[in-house]
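Each of the next two complexes has subunit A plus one other chain: subunit B in the first, subunit C in the second.
== the complex of A and B ==
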């Protein structure tokens, strides 16, 4: 009996957006009289950081500080349509809709500023700190909030914009499968090292290293959060989790976290990750979806590492101690024969 | 087609690691979730669920439950207007096969039969246990391939072969590219294996739940943890026979979803209860319900037959996948189609043949989960790649890089690869993990068709 180490790798691609497209999301942007720019939509914040990411995209496009942007979402009466938070689609779909809405609002804002400064709107730029000024002439400057207020109270103009992103709907040919099912593909590759106890069958993930290519990151910390969380989920799927321990039988189904085992902090190795940035043609500022793909490379990489450590051919998940011990028994029988 | 890798323009706010807007509230325990909502005269809903995996319902006796302390209303199938059948993809034309509350039959252990609405959750729970159901057990089938075999018990009359029927009467979602049988016959090696994934719970910290509140003007506001407000709203309206503009769906901070809140789950019954009682009704799954009654990630069984040349080229990939839908369709056809077009993974294979079946079994219905349809494909593909490498005695890095798709290559779904950097991602991972690649592998690029 021994503790054996092995390494494994896996490379994956992942589609952005709902399968076959046709999934619109809309956004509205307007300036308030209190100096805010409000992005209104009906997408759902699941903790992934939707509001943060869309505020960044709106601030970037409007040319105003991040703090000036308010994201108001999750209400079907006040927010325009969203096709749901899922399918790694929200940053891509809502992000593009926010860009469209923010562009329209920005143009309106520059038009008002142009009247106030008596210049052409084409000559105006935003400094991202809350000011609009004439290109190359920083002194000829106005605060964006003042421009918004003047628009409302002096010029009778609403600083606002509408945006929609509707990826074209495709059909899947029932015979050949011919279709245009996604907007783009993101990519990842993971290498893990495991240690397997051949007496108990227990597997420990010692290290997990990944590289992701996701177009462009809107927020590197939130991307890292997805990757580390996905590595954790991948360890759970690869080694522990099942609602049917003797699938397909329905007996012994778990009913709480005492018998549905998910990894704890002690089971987490250090996760290293790097991001490659190749802006995508269709994404908002080049972003692809990263939300769902993050467990997909860790799972097969862990199984490959176990197979590498033991010189066995396990092809099922989760690889519980029982699965490991049965694989070792089978190998011993085969080697003996 | 771009011939070179695109470069990132300089930006101000996009690309910055700014803090999550809700961070302080989340870590300080001050975020309010759906279950934190309180309304005057709010009632609580609990469900009586099937203890049989497959049975005829002979009688549902709710009299004792209705008399139980605190109970305001008991709902069964008879209370649902229209008798519309539930479809997870109703708004995009999915087929309805699932009753909101069971009528003549139950098809999985845990299926909803009768809803009890009471003043407290404890009273509702106690009363739900008093619902008496008489069953006539039917033979059940749990394995996907047994369910497809001749003579297997049929679950749903609408699906006579226990599988979903795709367009043009196809039993499976198909991919057909090139001539897979010819390529397999001509390959140096054929590597064949089967892969199996397990049903999984999405395990969000916040369980599924909603509160349906009468607005007093004929409209209803539903506060929900749903991942998809608009499609859930439209489904609820359809099942209750309400114009969709009578409903407003609101979500606050949701405590994780991972696909488990993409299905319709609690909203129809809670809204029906709010209509019938004229009072706000909360329906929140316990952790136990979340584990055994909510949609799981499906179990997938994937058979792969690869044709490989001794130089490492994969020339054929033939795949048959059985997706365990459980007792009802929900979104399974969507996941199966997404799975089908994912083959042959991030590799260029000239001959691809895929059949994906959505199979009905007497198991908990499966639904969406992070990586829907793709996760099981990636798992099978990547474990298979190692087995192919072993079979031909090639380093697994080399095998993947030699076959990795490049921009302009043809994919299984008959469209060219674009916007891709699989090769660069593998190369960077080799560097990160101190794996030495030979010069010919280092010089590969997603934007060039030939090495060097």
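== the complex of A and C ==
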């Protein structure tokens, strides 16, 4: 009986956005009389950082500080349509919709500022700190908040914008089968080291190292959060989590946190990641989608590492101690024969 | 089962509670006492740690605590502790280390860390893992939480040096 080590790797190409005829997301942007810019949509913040990312994108496009943007989202009764917060599509889809809406609102804001400063809107720039000024003449400047208020109270203009992102449906070529089914692809590769106890069948993940190519990172700290969380989810799926009965009777199925086992803090290995940023042509400021893919490559990488350690060929998940011990038994039989 | 009236100190206030023998502290905190919703309900059976509270300074799972047994004791939820210096340092460490995503586990985590650091101001790596073992997190992968605990321990016990170090990191 021994503790055997092995290394495994796996890679993933993750497509974002479906072009088969309808995957739209909409956004609206409007200035309030206090000078903040509200982004309204229906995509859901669930901890992944959607509101932060979309506020960054809106602020960048409007040319105002991040603090001036409020993201009001998550109510599908009243918000503009979103096709769903899933499939790693929201930064890409909602991000593009927010850019379109913010561009329209920005133009409206510059038109009002142009009237106030008696210049052409084409000569105006934003400084990203909350001011609008004449190109090259910083003194000829107005706070964006003042322009927002004047738009409503003096000029009768609604500083607002509408945005939707819906790429045209891609039809399959009947001859070749060719189509353009998605908007962009992100890539990753994960290398895992494991140690397997051949007496108990227990597997320990020692390290999990990945390279991610995900287009431009809108928010690197949130990207890291996704990757570390996804590594943990991958370990859960590879080694522990299943709703199937452990033995062939349905009442042995796990039904709660006490017997649906997930990894805890002590099961986490060292997690390292390198990021490559090859901007996507279709994504907002070059972004792709880094959501679901973070739990993809770790799973086969872990199974491959176990197979490498034991010289077996396990092809199922989760690789519970029982699965390990059965594979070892089978190998012993085959070796003996 | 007959209903019973008892008094309980919650977040520094004496409260009068109506309960029966099976009413849990979690039900009282969430439903009877003006929505103390930092007390989460992840499983109602002791499996997730999201309902953690402090009873006379000790960490309890409120979903497993029959409130009838707690007459006269002092219960603290995160709402009641949020002004204290210790909690502020732990919260700031969670923020600086991105140790919360959806936030569902976070109140229970913070109280667990508070109880740990009150009892053991300089915990080892393994002691931190042990302390967190009853708290599930579905989002972060735990590593940022472990870092936050180490950071909070340094802030709370390291004095000026640690404070300078953590200011340097923020800057």
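Note that the second predicted complex is superposed on the first by the 316 of 337 C-alpha atoms of A that agree within 3 Å, B and C clash if a C-alpha of one lies under 4 Å from a C-alpha of the other, contacts with A are read in each partner's own complex, and residues count from 1 in each chain.
Methods note: a residue touches a chain if its C-beta (ideal position, glycine included) is under 8 Å from a C-beta of that chain, and two chains touch if they have at least 3 such contacts.
This one's a predicted model, so the numbers in the text were calculated from it and none came from an experiment.
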item	value
Partner chain(s) touched by A:231 [first = subunit B, second = subunit C, both, neither]	second
First, second, both or neither for A:266, with subunit B first and subunit C second	second
Which superposed partner A:142 touches (first subunit B, second subunit C, both, neither)	neither
Touching partner for A:46 - first (subunit B), second (subunit C), both, neither	both
Partner chain in contact with A:83 - subunit B first, subunit C second, else both or neither	first
Dominant toucher of subunit A (residue count), subunit B or subunit C	B
Subunit B versus subunit C as contact partner of A:257, first or second or both or neither	both
First, second, both or neither for A:221, with subunit B first and subunit C second	both
First, second, both or neither for A:31, with subunit B first and subunit C second	neither
On subunit A, the residue positions that both subunit B and subunit C contact, one per complex	46-47, 49, 221-222, 230, 233, 256-257, 262
In the complex with subunit C, residue positions of subunit A that touch it	46-49, 221-222, 224-225, 228-233, 256-258, 262, 264-266, 268, 271
In the complex with subunit A, residue positions of subunit B that touch it	5-9, 11-22, 26, 53, 92, 109, 142-144, 166-168, 170, 173-177, 193-201, 203, 226-231, 233, 247-259, 261-262, 287-288, 291-292, 296, 299, 324, 334, 337-338, 340-342, 345-346, 354, 361-364, 368, 370-375, 378-383, 385-387, 396-397, 400, 404-405, 412-415, 417-422, 424-426, 428-429, 432-433, 435
Residue ranges of subunit A touching subunit B (in the complex, touch as defined)	8-15, 19-20, 22, 42, 44-47, 49, 51-52, 55-57, 59-60, 66, 71, 74-77, 81-87, 128, 172, 174-181, 184-185, 187-191, 209-213, 215-222, 230, 233, 237, 241-244, 247-250, 253-257, 260, 262, 272, 274, 276-282, 285-286, 288, 291-297, 299-301, 303-304, 307-308, 313, 315-318
Subunit C residues within the subunit A interface of the complex	42-43, 45-48, 98, 100-103, 128-130, 132-133, 136, 138-146
